[in-house]
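In the two complexes that follow, chain A is the common piece, with chain B as its partner first and chain C second.
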Partner chain A sequence: MVRKKLSSVFINSVGLIITLGIAFLIAIFLIFVLSSTPARTIYYFFIGPFTNKYYFGNMLNTAVPLVFTGLGIAIAFKSSIFNLGGEGQVYSGALIATVVCLSLPNANGYLGGALALISGLIAGSVLAGLSGFFKMKWGTNELISSFLISGAVVLIVNYFITGPLDDPGNSLLTTCAIAEQYHLLKIFPPSKLNISTFFGILSAGLVFFLMFYTHWGYEMRMCGLNREFSRYGGINVSTYLVMPMALSGALHGLAGGISILGTYHMCVKEFSFGMGWNGIAVALIAKNHPLGVIPAAIFFAYLDAGAKAAMLHSDVTFEIAAIVQSIIFYLVTAQAIYSFIKFRKRAPA
Partner chain B sequence: MSENGFSLPLIHNTVGIMTPFLLAATGGLFTELTGMLNIALEGLMLIGAFFSVVFAAATGSLFLGILLGIISSMLVALLFGSISLYLKANIFISGLATNLLAAGLTVVLSFQLFGSKGVIRFENISKLPELRIPFLQKVPLLGDLLIGHNILVYLSWLCIILAAVVIYRTPFGLRIRGTGLSSPTITSLGLSPTGYRLKAILISGFTCGLAGAVLTLNLGAFVPNITSGRGWIALVVIYLGNKTPLGIVIASFVFGFAESISNYAQGAINIPADFILAFPYMITVSAMILYSVWRHYREYGK
Partner chain C sequence: MNGITRLYAENDVLANNNVDFEVLENEIHAVVGENGAGKTTLMKILYGLERADSGNIVFKGKEVSIHSPLDAGRLGIGMVHQHFCLIPEFTIAENVVLGIEPLKRKFFFDSERAVKNVREVNEQYGFQIDPALRVSQLTVGQMQLVEIIKILYRKADLLIFDEPTSVLTEQQINRLFSTLRKLIKIGKTIIIITHKLNEVKEISDRVTVMRKGRVVAVKKTAEIDERELSRLMVGKRVIFQFERDPMPPGGVVIELKDVTLREKGQERPLLDKVNMQIHSGEIVGVAGVGGNGLGELEDVISGLREVSGGVILHNAEDITRLSSLSLRERGLAYVPQDRLFRGSSLQSTVSENMIISNHHLFLKGGVFKKKEVQAFTDELTQHFSIDGDTKALIATLSGGNIQKVILARELATRSDFFVFSEPSWGLDVACSEFIYSKILEIRKQGVAVLLISSNLDEIQGLADTIVVMYRGRVVCSFPNTRDLSRELIGEYMLGLRDDYQKIS
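This part shows the complex of A and B:
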């Protein structure tokens, strides 16, 4: 049993290393094609995030919301539910958290901050929960509905940020800044890394506990494996269409709220773009395991920070990261790669 | 006459605007019939949109531009299809990957080739030729609505008619439908379901490439993320059209109408632009929910 488990861990990690290796090779290839100073670009792409404390701390800070969105997606995928609305859920969570902070300019930092985060969480949870509810009630495809709802929500949030909530004091497309007492404590100056890092680690632990050591988690995973079988086993399967979706949305909303209180201190237009999609990538690399989400998120933050450093110091554009990301998407789900390794491993015996 | 002044141009526009939906849904119908939810339509369209306008500007020929745009889109479809089918990737994830790849690749290339990540105008592109048949145009109503569109609009009609014939009247179409209904049956006949799925994905690459070409060549410019959710709407169009060619035509018309109303509203009524952009998403998601409610009650009684 232990041996079997170890061997599956081995296969997964070898597969993952191959996947990430290929992705990096493609990144290097792209840089050679696109950049006129490839050596410089490659240096900043791969080493850039480690060159000083500021970059390094910010890289880790980028990973924090990705831990939340990754966990959200992992819960949904483990239950065989697709949540493609992460973008809208993060963004609306951020907006609601900002609005709560702005409307309570003099409240106690801890209470008001908690209230803001919880409101953001609820916003995300409701948005995603809706898709789960439609699925449960009428069988509406949650994959498409969550994407479309999120598509509309993103534009509506854009309207609020640039319209009624726009800060008249500056020409940037942002809301006003939230009050000082809501800012999360910085732990690695001069970077933006803050105590939300610990929230992220804590959440990963909690989700791990929920999924593997509770009754709910068990039933959720069973529904994910085989919904019909679970129905015959007496599990209330319709609950587990809504619950994973709502939890997933809650974690996305929280990711948005944390980014505002910890990093941005104001809701900037389109600041969260990519967080939802990256969450999917993070969950996939982690093979939907809650504890695997943390290293996967750091890896993704590294990719992001590398692309940003390369853009700043060289002549390539940031979207190279999107191409590398898509390669990782392609390869990480390609089951054939993993079964090939399995096959090779058995062959000599 | 006063009424015609408003409603006829609106419907005339609708016939033009529905074309990308119709084309993408035509290809998507094939993949849907083989039992795959093809969320890569969006990305394939974006690839077609970018490459058709770039190649049209580079070669100076609309025809070559469209052709190369379609080929690019089919190549990406081939990548998507081979990874999903032969490397056994989860088709949703590889579909997402395709959309991401398209978004990333178009921006990277436009930055590399034109030094800009924004709107790129191509001055040297001639307009898509329009069909003008003077004596047919005199036919009241029909002449106003159906004549005078660009040729790609008529090509899209040809595509859907061809699709209907292929799906219902040829062995190939029968096997496509068979793959979706019961792939073991296809296997037992000595045929390969995977092969039919790949062909369906390639067909969707073809029509999506064309759909993308419609978007950019009409404009003579490339706008980042010009597809803005149209591929997803096309997916819903397939559902609402009950997976039949005629149904798809009707559903595309409905979405085209919604979009042309929102275009009209943009000029006429003072609504924030973001709401108008959100309108197609909202219409689509509501239509999809209503459809599933209707289906639910039809299947399970009250």
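This part shows the complex of A and C:
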């Protein structure tokens, strides 16, 4: 049995490696076509993120919020609940955390910081939980409601950032900066990498434990796999329409809060765009496994960092970098989805 | 069609171990064996649903490789599965032509021609069924007929039936058998997988007996009797009778008062003022033909479907609108008819399936005590001799073993009220007997048992009280005595008699 499991993991990773290989080959081909200094571009695209501490640390730092959003999506997907409102949940979590920090300029760094993060977490959780609640109460489709709520919330947050909370002294559309004592401790200077990295790893561990070792995780997974069976077995199924959604939203809100306290120190307009959607991609690559989310997020961040480095150091434009990045990304996601579907198909024999 | 040899391994289990199997043209060939004997696997290989690890298939004198049902279809091999593969929302015609639809202007689905084509097949084989009917309106027997039409439409010469009679009434079985005979007359070849030995005797020309992945005997049916067959199948003599000790009647545990269930937009209620009492230590057997309210009764009493009227009492307390969760807390245990979807979660492990009804017992502060879960599942697997790894997905188990997992799990709950729906459906003799012995055991412990079954042998063998349902109504209710005739029950089941007066 163990041997079998190992061999299936092996087959899966061989598939992934082959896909990666093909993806990189296509990417290299494209760079040759589109760039006048292909060698340089390729070097920065693929090796760039590892060339100095600053790039490397920032790459890891980009991965941190993706770990949170990826975990949030993984929890929801495992319960067969679809949270497409990640964008709004991250963004509102960030705003709320900023507001808490700004309104307590002289509080203790730890207490105030914790309060800010928790508030952000609650904000995301409430937003997402609402969709779950609607589904439970009226059977509305959470996929659509979470997406629509998020769409509206993004605009509301934009209003606050550019309106009442705007920092007139800053040329960016942003709120004022939060006080120094709230900044999360940097652990890899000169990069922005900070202690939130450990929160990310810890969260992945906690979610893993929650899903596979606890009562709630068991009930959530059972509801995700077969709701009829769960109802039959005496699980309160409607709870698990709301709970995974609320947890998912909480992790998204936390991603927003941590980005503020750790990286940006102020809520810049649209700073978090992409974190929600990329979380879905990360969860897909990780096949919704909480521990798989970490390497998946790093991989994603690596592509991002490579694209940035290539733009800085060669003649590659933003568009070309984005094309190369997305080709690699699509192939990997497609492979992940494909093996996921294959698994689903094979099992019910 | 000549000799076939193949070796097949599935999660370290040899499902087919060097099996030679031969079917002659234009015969009805029965394949019998216990659950997990490898019959279905063998047929799935022939039909291209599974691959053999070694061995080869020779069809009409030529060696062929069958990698998918499409290949099988091209060769003229068709299969009627135990679980039907029909889309309920589609009409019969749409289901039949699915995959090879007639097209209008090469693009649009031609529904008129589909109906016409299917009607032609019906006329050719003498089936009387309107192709424009929706599958969801059909009885199980008719659905099976649709499956057969589907295969014939694809011009199959070799038809494989996987336990075709398990869901049918006696009348429907007779009709099926006459259909099979008709097919043989026009030159088709038939393989039929079954557990029921009397059917083997009745319908087949030759029989192959399988046990534990091997063929143990191939005989002409005329040369072998039922007793000999069952001896070959299980390796021991089977007793076809149950011992039921008389029990003093206990108090009423479950009572149904005028329970009614209506579907929106439907004239006829699915359950029509059903009254029933189940006492402690009593087995109430509910018989009926599919589509007459048995399934609905099961759903309502297990709390999975809300009634439109009437009350259900448990120990004289109203439980009509309680969720299945609270019902379980009150002591309901339930083995559902739908094992694959309601009774188990196929994508979960055996162990996860085993703890669903009482996983609350293994928690400490919300965290599972893995060791206790392991001990519990190990004990159940051992006690119920379940063949399979507890950490493997339950989908890898055979049908009989899945049913054992469900049974084991439900018996492990502390309950005073037990619902069994079609508990032995599709199971072999040994496994059914095992289940019957368990049902009688809990009866002795004073549990109130509701046994819903379309298998009259089961009802007559086990029940203290026999209730028959027809069109959602209780049409008769008798204490089960030896002189109660099967014909009488059958007449009530088919709605031929409607003279029952409620005595109570």
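Quick note on the criterion: the second predicted complex is superposed on the first by the 311 of 349 C-alpha atoms of A that agree within 3 Å, B and C clash if a C-alpha of one lies under 4 Å from a C-alpha of the other, contacts with A are read in each partner's own complex, and residues count from 1 in each chain.
Note that in this section a residue touches a chain if its C-beta (ideal position, glycine included) is under 8 Å from a C-beta of that chain, and two chains touch if they have at least 3 such contacts.
Values in this document were obtained by computation on a predicted structure and should not be read as measured data.
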Practice task
Look at A:240 in the shared chain and tell me whether it touches chain B only, chain C only, both, or neither; answer first, second, both or neither.
Solution key: neither
Practice task
Return first, second, both or neither, reflecting whether A:225 touches chain B, chain C, both chains, or no partner chain.
Solution key: second
Exercise for the section: Could you look at A:208 and tell me whether it touches chain B, chain C, both or neither (first, second, both, neither)? Expected result: neither
Practice task
Using the superposition on chain A described above, determine whether A:144 touches chain B (first), chain C (second), both, or neither.
Solution key: first
Exercise for the section: Return the chain, chain B or chain C, that is in touch with more residues of chain A. Expected result: B
Practice task
Using the superposition on chain A described above, determine whether A:271 touches chain B (first), chain C (second), both, or neither.
Solution key: neither
Exercise for the section: Considering only the touch criterion stated at the top, classify A:44 as touching first (chain B), second (chain C), both, or neither. Expected result: neither
Fill in the blank from the handout: Overlap of chain B and chain C contacts on chain A, residues none
Problem - Touching residues (chain side chain C, partner chain A) in the complex - result: 11-12, 302, 304, 323-325, 327-329, 334, 336, 340-348, 352, 355-357, 359-360, 363, 366-368, 370, 389, 391-393, 395-396
Fill in the blank from the handout: In their shared complex, chain A is touched by residues of chain B numbered 37, 39, 79, 83, 86-90, 92-94, 96-98, 100-101, 103-105, 107-108, 111-112, 117, 229, 232, 235-236, 239, 272, 274-275, 277-278, 281-282, 284-285, 288-289, 292-293, 295-296
Fill in the blank from the handout: Contacts from chain A onto chain B in the complex sit at residues 30, 34, 82, 84, 134, 137-141, 143-145, 147-149, 151-152, 155-156, 158-159, 162-163, 277, 280, 284, 316-317, 319-323, 325-327, 329-330, 332-337, 339
Handout entry: chain C partner contacts - residues on chain A that touch it in the complex
Key = 1, 4, 213-216, 218-219, 221-222, 225-226, 228-236, 344, 347-349
